[in-house]
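Naming follows writing order (A, B, C and D), and every chain is counted from residue 1.
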Amino acid sequence: MINVGIIGSTGYAGGELVRLLLQREDIVIKWFGSKSYIDKRYSDIFQNMFQLVDNICMDDNMGELANQVDVIFTATPQGFCASLLNEDILGKTKIIDLSADYRIKDVNIYEEWYGIKHESPQFIQEAVYGLCEINRDQIKSARIIANPGCYPTCSTLAIYPLIKEGIIDAGSIIIDAKSGTSGAGRGAKVGNLYCEVNESIKAYGVSNHRHTPEIEEQLSLVSGGEIKINFTPHLVPMNRGILITAYGNLQRVVSYEEIKGIYDKYYKNEYFVRVLEKGVCPETKWVEGSNYVDVNFQIDPRTNRIIMMGAMDNLVKGAAGQAIQNMNIMFGLEENKGLKLVPMFP
Amino acid sequence: MINVGIIGSTGYAGGELVRLLLQREDIVIKWFGSKSYIDKRYSDIFQNMFQLVDNICMDDNMGELANQVDVIFTATPQGFCASLLNEDILGKTKIIDLSADYRIKDVNIYEEWYGIKHESPQFIQEAVYGLCEINRDQIKSARIIANPGCYPTCSTLAIYPLIKEGIIDAGSIIIDAKSGTSGAGRGAKVGNLYCEVNESIKAYGVSNHRHTPEIEEQLSLVSGGEIKINFTPHLVPMNRGILITAYGNLQRVVSYEEIKGIYDKYYKNEYFVRVLEKGVCPETKWVEGSNYVDVNFQIDPRTNRIIMMGAMDNLVKGAAGQAIQNMNIMFGLEENKGLKLVPMFP
Amino acid sequence: MINVGIIGSTGYAGGELVRLLLQREDIVIKWFGSKSYIDKRYSDIFQNMFQLVDNICMDDNMGELANQVDVIFTATPQGFCASLLNEDILGKTKIIDLSADYRIKDVNIYEEWYGIKHESPQFIQEAVYGLCEINRDQIKSARIIANPGCYPTCSTLAIYPLIKEGIIDAGSIIIDAKSGTSGAGRGAKVGNLYCEVNESIKAYGVSNHRHTPEIEEQLSLVSGGEIKINFTPHLVPMNRGILITAYGNLQRVVSYEEIKGIYDKYYKNEYFVRVLEKGVCPETKWVEGSNYVDVNFQIDPRTNRIIMMGAMDNLVKGAAGQAIQNMNIMFGLEENKGLKLVPMFP
Amino acid sequence: MINVGIIGSTGYAGGELVRLLLQREDIVIKWFGSKSYIDKRYSDIFQNMFQLVDNICMDDNMGELANQVDVIFTATPQGFCASLLNEDILGKTKIIDLSADYRIKDVNIYEEWYGIKHESPQFIQEAVYGLCEINRDQIKSARIIANPGCYPTCSTLAIYPLIKEGIIDAGSIIIDAKSGTSGAGRGAKVGNLYCEVNESIKAYGVSNHRHTPEIEEQLSLVSGGEIKINFTPHLVPMNRGILITAYGNLQRVVSYEEIKGIYDKYYKNEYFVRVLEKGVCPETKWVEGSNYVDVNFQIDPRTNRIIMMGAMDNLVKGAAGQAIQNMNIMFGLEENKGLKLVPMFP
């Protein structure tokens, strides 16, 4: 039995962790942490959990929690995990941080894009970037997992095989991303009200979204050079789902079969990445509620570019599902344990 | 291992049966029947099933299928199951019919409301109405299950305890129901297009919806008398979910505690019925993707009426989930096997 | 030229007033009042108004405003208008109050249901309830209009002809109402976030919604007796629209033609009330953006009840449109001036 | 008084033409043409038009219609207008064709992308591409207007000033477009059902959408060279709206002020194009129901690219509104007559 604690359990990502972990018989959630709803009953915050989780929300005391659990998930705002983590805690428990605190290896870039001081930079190098399909081996022995951001997960998985294989010009990458509204969090803001979001689409954070340097770092690691990208996220009137449409200049003439072969090479043994068939465009609804990432591509010989597409559920593979996938790897369990979820349609 | 066949597997209820059965290790789906998509790959019809169900859709040959499986689910239009069922088939396999063919015991009422001739009335009396919380014992030994309609399931469970206990005037019942659009099926009709349904709500089938006599029969069985109700369904711009708001005249002054006690008496041991706490109104999102029915009530002393409410997922407890619950009972399995689904939010 | 001021111009009803008044050449909006956004540019709050209304939001000083305008619209929270109104203001300008402050003639009922003390009860009797189709004559000479609530407008218009004509048992009325989310206002609350409302439906305020006594008062005035009703509003995942489904016991056997004749008698000369044809159920989308109320009915001889239905846009006929209709009447203009809006579909 | 006929009046663009023209006192719609609903009452097809347009739908006889009206709008499938147009008709009436038949000057490109033979190529050169902000002068005297496609309108207006001024590399243009579902038409297809579209986003027609050569032709005309672009449309779960996010490589270092100056130069006198303020991203909801196009841009010095954005209502500026704008110009009326529509929010 694995004992887990969740700090930040009353946000959407925290709620999804609870939903997924509840369905497992080898897991006990010992701690439902919450800053906003301390001392309230969890099922009063998420009524879907009525009679399933009637625990009381606890404060965010990571030190005390470390004594009680085998792993702590932090689904908290930027800076929170970094401000509390220390060797004592790491001596007692593992950390899977769903925030950005340990994702970016260069602390200056972190501080520049996030606009806050990093309070425990000594752990940055040790933390493993938990994109399981790429860093599986390092994850096994990690003490700290930097669980990837939603956009970076989908973007990297859709793009990196073609960078690694030198198919596209690394300087030409443009990522046009679309996300459901749960990605905006559960905070009470006018801009996230139903009537403000419904029946509309817009770009936001154009050229300055914080996931930009995270994607750049991952793609740079793959390419060996320093990659700069354009990244433009959009807010879509739906609850869940991320779609990535990425554009790159081809380095040479390629055929459908060649590119398909590359994707298959990277993903044919990956349980959670589905390379779709020719001409089928990924659609977020087809992966809803599951840990899948659906990817595909289209070559445009007229412009000598390739369009790379990826779709996933931002709260599952983009947050809670990948965090559990990381936990499974860290604890030597089957990687897809508790994650063989069939997408819900409609 | 239980071998199952699904006739009508490419509609929304059929798709949900596949989604739920796929997650079980004790079930093999041997037959994906479809009238519209015969010889097509199942995952081309439901792309969410890519790499999960790449079987080819078969025709709707119930006779041949009966040789191969332990149970057949028919998620087909009215009249289909009745037109094919015979003793030979029933000698070989069990039938769980998700259509209305065997729900109504009086064949004249069936023929009047459905406007078609019933082709195997000899099985009507034998078929067990599969509302598990009420007819559990009879289901155990049934050969034919008439899987209840979505509205009747939610309506009956929300109302019947108060009828049984004589709390409300059986002649006063008004049911105002609201359903997501998956209830309208997957047929290509202008009225079900996104732009026609989105951003709108309307009543339909006012005073003549086919679920009316089904609800009346169930409530009449409970009360001992003949009950006529008003039933008004509405189409809501959402994929899934049914909400029932029912009104009844109180026979006498009652207290919150008394009514709460009645609901608890009927449901405290029922895994799939959750009686919410005082003042909490059921909400369809809180049961989405699960087999739960959430019920609650509000007494209005000003008018001496009681408002009874119920929410469930029309494709789960209202169709596929309840069908599987019936299968579990028929095969002597744990009733909630494969159905301990945590509602998905958001 | 009529000069108008709007207090509370940055909520949804206030925004709709601006949208509708902007299209008129005989109106100048002199004052965009706002408590929350004082000194901000109006088009920064409603970006749809960019380059159309770049005025600066002013504070809510009704006294000062009264010197500058011919009529003040107050689209403000309950109690605000009552706290500021006085004879001096009424000597200078007319008031159309979109809040509930002057709708209910019995101040005790107001204070009980709204939970606040009424600060200017001396004006309650003078104020005219601005349901134009009923009180047109009194509106002409009114100084204060109590602009009706959204649910009361739609409910009263759908029901009152049958009460007036003695067709239904006044003690049997049940109103099941459904509203789009703009009815919940523009305040930043978790419960109104996109992800909390989308893909769900629920009842709220069951048996205790504040529009209940308002509807009861209007129906009682029509019937001559004291009417108590059941009123159950529901929140629907759409921006705009109210649908009323009301139930009443028939006093005697009636025919379709008789009831149709009654509705036609009341509404055939009413520009904004459309009595739909036999069998057509009102749908909120068909009136979106317009000042129409679509009504219809269905007789259920099996239960001897009648179902009365009404649909309208809650922000137009349910708020801003009716307020302007009142203004037109008060100023001796054509009643539908600026309101001949064709519903937008889809 | 201008007499108009609409062929294809029962699709979404046709319905929008009716909605907009109905509000004008100088227009009479004499002919409601429809292939699918001939002899049916118009308001039975669009119930929002009940009592407003109770005319009977006529067949699509353009020859007969030409005798009766001053202008014919054809909101019909590709090939229809081209198959019927002749000199006789053009001698009697003007044509505003909302299909693609006369948009592309090279008939070979038309036939290649649309997969049909053009039946009246003799009119292609004469037809004026009705992008009013660019071709206003030619429109004045045109007999045939090729009303622009929705994506090309929004794309061209967002991009062309920077091409014309030589700011961006014409070979680098990537357009990532998002459209509401009304763009998919009113045909009964499974893929456009509510449950298939709702809660999902996907790309479609990647690299082969028919609007690609139309955009290329317009941008090529501006640049003087032959431009090839990447164009990727996406289907968004909302009724109306198009958002364009376009990417181009900067030819040199530019400042915000310089680019803002260019947009202002092109658009400051254009009633229907709003250049938003610094940092404000266009949002489709802000233009809903109006003829506006909102445009803005963001320079990304890190990658030396510029992101150009545009939002409009696909049924108004993208179809019916622009068609009426063209009509106004052709008939010497004020260009914005009947089109000073305030966007509806929410």
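Everything below uses one rule, namely that a contact is a pair of C-beta atoms (placed from the backbone, for glycine too) under 8 Å apart; a residue touches a chain by one contact, two chains touch by 3 or more.
Every value quoted in this text rests on a predicted model; they were computed, and no experiment measured them.
Least step count on the touch graph, chain B to chain C: 1.
The chains touching chain A as well as chain D are B, C. When the interfaces A-B and B-D are ranked by how many C-beta pairs touch across them, A-B comes first. With each centre defined as the average position of its C-alpha atoms, the distance from chain A to chain B rounds to 37 Å. Here the spacing of chain B and chain D, counted between their Cα centres, is 46 Å. Among the residues of chain B, those in touch with two or more other chains are 12, 182, 195-196, 198-199, 237-240, 283, 285-286, 288, 346.
Considering their complex, residues 174, 176, 178, 180, 195-196, 198-204, 206-207, 228-230, 232, 234, 236-241, 243, 245, 247, 281-286, 288, 298-300, 302-303, 305, 307, 309, 311, 346 of chain A touch chain D.
Within the complex formed with chain A, the residues of chain B that make contact are 12, 15, 19, 22-23, 46-52, 182, 199, 239-240, 274, 276-277, 280, 283, 285-290, 294, 340-346. The residues of chain D lying in touch with chain B in their complex are 12, 181-182, 186, 188-190, 192-199, 237-239.
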